[in-house]
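First the structure, which I've put down as structure tokens, then a few questions once you've had a look.
Here the chain labels run A, B and C in written order, and each chain numbers its own residues starting at 1.
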Amino acid sequence: MLEVRDIHTFYGESHVLWGVSLCVNEGEVVALLGRNGMGKSTTLKSIIGLTPPRSGRILYRGQEISRKSPFRIARLGLGYVPEDRRIFSELTVKENLEVAARARDGGPFSLDRVFELFPILAEREHQRGGSLSGGEQQMLAIARALMLNPQVLLLDEPSEGLSPLIVKTLGKQILQLKAMGMTILLAEMNVKFALTLSDRAYVLEKGQVRFEGTVRELQDNREIHDLLAV
Amino acid sequence: MDFTSLFTWVPGPQFLFAQLLNGLTRSMLLFLVSSGLTLILGVMGVANFAHGSLYMLGAYGSFTMGTLLGGAPSSFLLAVAVVPLAIALVGGLIERLLLRRIYEAEGVMQILLTYAVVLMVADLVRLIWGPETRGVPKPTVLAGAVTLLGTIYPSYNLLILILGPFLAFGLWFLLYHTAFGKVVRATALDREMANALGINVPRIFTLVFMLGAWLAGLAGVLTAPIGAITPTMDLSIIVESFVVVVIGGLGSFWGALLGALIVGVIQAFGILIVPRMALISIFAIMALVLILRPWGLLGNPRALLAR
Amino acid sequence: MWRSGAWHWLVAVAVLFTLSLLLGDFYRHLGMTVLIMALFALSYNLLLGETGLVSFGHAAFFGVGGYTYALLATKVGTPALVNIVLAPIATALIALLVGYFCVRLHGILFSMLTLAFGQVIYTVTFQWYSFTGGDNGIVGLPAPPLLIPPGNYAVFVIFVVVTCGIALWRLAHSPFGQALRIMRENRERAEFIGIPVRRLRLIVFTIAGGFAGIAGLLFALLNRQVFPDDMYWAQTAQVLVMSLLGGIFTFLGPVVGAFIVTVLQYWIATYTIYWLLILGTILLLCVLFFPQGIVGSLQERLKHRLAPPPSPSPLKGEGTGGGGLVVG
């Protein structure tokens, strides 16, 4: 469904991604692992078009999206949930969600549906986004991306800065989405968290893919395990 | 000793009241221009120097409309309806053809681009309409005056005083209670994220710029009957508008209103004290604000860092 | 270092002096105007290209330089040589005062405040009829007898401009200039490594104002008159375009720009009065298509031809013009 082929991404003159390739099949949850600064966020940003790759291709359902504007990519069906959430702090919860709503031919997600999935947001419907706690903001960020009725969710370090209890709840919600058929690419530093949710995993080191395989294969691989310092 | 004779120089209450109304009228017009300026600044991060030029074009536009229609009574209404739209179109062209090319460039270049437009329009106006001061008559229905609290005040100014809050309300409603407004506010807060959520940010930019231009053009049309239409009116209004925006807070809607009120009223009274240099009085306020509270009275301290 | 500076000085002076002997009256006058504008532009680029500060009120200092001399000469009656020395000093002091307020701000706020100050100075000059003569200006300025013959004055202008130019060049190539460029690239990084940003800005603002004052003084003596127009905002626009057209990230760029713009202005004046339109168009085209300016793009071409293909640099976010001063 989503295919990244040999992309090279730069920040200015800084070469960050060196020929990254990966693919995500429909209904899968794929983890993108690696220590800080290894290129996970950049990969997601390249896919959604915020830092487009200088070379290489990105294909979504066979369609080339590597040179498109982010909003066009989003409208095609990719939901992006960035690192540090980036919710619109001066807008209310409801407004945050409404702003992302697109009339996509009958997707399962509407305001009501999203409030069902994340009841805590329903409680805070008219509160300013900036007044929410970290965990609530994370849920809002995910809910907001869902309002696009995406078919692929790009989650960038959702567990970062959250307490273990909240992380647990988050995990349940992600599994719920998976059960609904959502395809997810999950970039995470928290390896344990990521592996409980994923089917397959890629490991990035210094902007290159060092490992790809199933979760099982990863857990059996001593070297990679050490690399991730788990 | 007769103390009252010491104060004969103090204008009577009616005069003061009239000056206050003058100040408020000025404020309303200033608000129209400044709100557009602060909107463009807040949403797009562009300091549109050409905003004064758009205002000036609006005034000259209404002059042309007046001459075309030969002073027909409805020409004012027509001017109000048509000219701001034309200015909005000009704004749209400026944004799409010129500004859009340099969003990726350093902020310096954006300032210089709008400055280039200012230079060009300044001479274009002279070219098309000549260097003489122009004027536009007030619509006959409003040419008279009314008595308010013992003061005789021009009806036309009253129109502006009433129109101002209406437009402010309209803008507020647009920004805070419509889908478009929410999208604009989201874009102002985090344009990258808005983009990643499917919002056509380039189009929003164009629309916001056009809205700002519309407001500036409208202000120009409304000013025309009571102010002099000169080829230098762009300079005075842009300096004043930036003062308003600075005092109120960069990108703040209410700040623009508050700033406009302050500047308009202070200027009206400043003219009494220091007749030819009222600019200095508002300038002093701006300097004060910049030293004590550089993000403006209603602005966001963090926003200042981002700029 | 001083040796190369002295060598440049000698060469420049010799070349210009020879030229001045060859040119007739009109072209010599034009040539002197070009030199004066070059100095003005160099002072402006100290702010724009070196430090990244866009000032919209720089012409005020140009005007103040001329007006100080004019007022001292006509109202106070001090000897001409004294006035010549006092004018730049007075200008620098005013620049210091203005700069004190302006450098607290960044970006667009800085620019707006400089515009506001510039306008205030202009308005005061324009309105204070009794003192400054308003828009009649002050004409018939006295000059030191030695400088009255045009040939002599040409030598004086050459001497002053080249000396100032070399001084500015030395400044740009000094650690001070380096610090300015760091401030331009990334203000936060500069603060982080301990550069006193505000103080340096104030210093450079004052210096730039002072040199603009010298240019203004030379201009006043050249034409023996001053007008409020000398400090009008359009005059700043002119020097801005000179810098950009020539290349703000190079040292000689503003000089080249000054030459082109001044000559163009004289030439265009015979055809149309709509100079701002032309100026604005040039500025527009430069910003859109030609931001490195003439000298800047020449440098780029030379670099590409001479240097091997660059390897990716580890530094983030290097702009195209980030090299700063390369050619002296």
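In this text, contacts are C-beta pairs under 8 Å (C-beta built on N, C-alpha and C of every residue); 3 or more make two chains touch, one makes a residue touch a chain.
As the structure is a computational prediction, the values presented were derived from the model and not from experiment.
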{"item": "Between A-B and B-C, the pair with more C-beta contacts", "value": "B-C"}
{"item": "Centrality ranking, top chain (CA atoms only)", "value": "B"}
{"item": "Centre-to-centre distance between chain C and chain A (centres being mean Cα positions), rounded to whole Å", "value": "52"}
{"item": "Centre-to-centre distance between chain C and chain B (centres being mean Cα positions), rounded to whole Å", "value": "33"}
{"item": "Centre distance in Å when chain A and chain B are each reduced to the mean of their C-alpha atoms", "value": "43"}
{"item": "Per-residue overlap in chain A, given as positions that touch at least 2 other chains", "value": "none"}
{"item": "Complex interface listing, chain B residues touching chain A", "value": "179, 182-183, 185-186, 189-190, 192-202"}
{"item": "In the complex, chain C residues that touch chain B", "value": "48, 52, 54, 56, 101, 104-109, 111-113, 115-116, 119-120, 123-124, 127, 233-234, 237, 240, 244, 274-277, 279-281, 283-284, 287-288, 291, 319"}
{"item": "Interface residues, chain B side, partner chain C - complex", "value": "41, 47, 98, 101-102, 105-109, 111-113, 115-124, 126-127, 235, 239, 242-243, 246, 276-277, 279-280, 283, 286-287, 290-291, 294, 307"}
{"item": "Chain B-facing residues of chain A, complex", "value": "48-50, 69-71, 74-75, 80, 82, 86, 88-91, 95-96, 98-100, 102, 144-145, 148"}
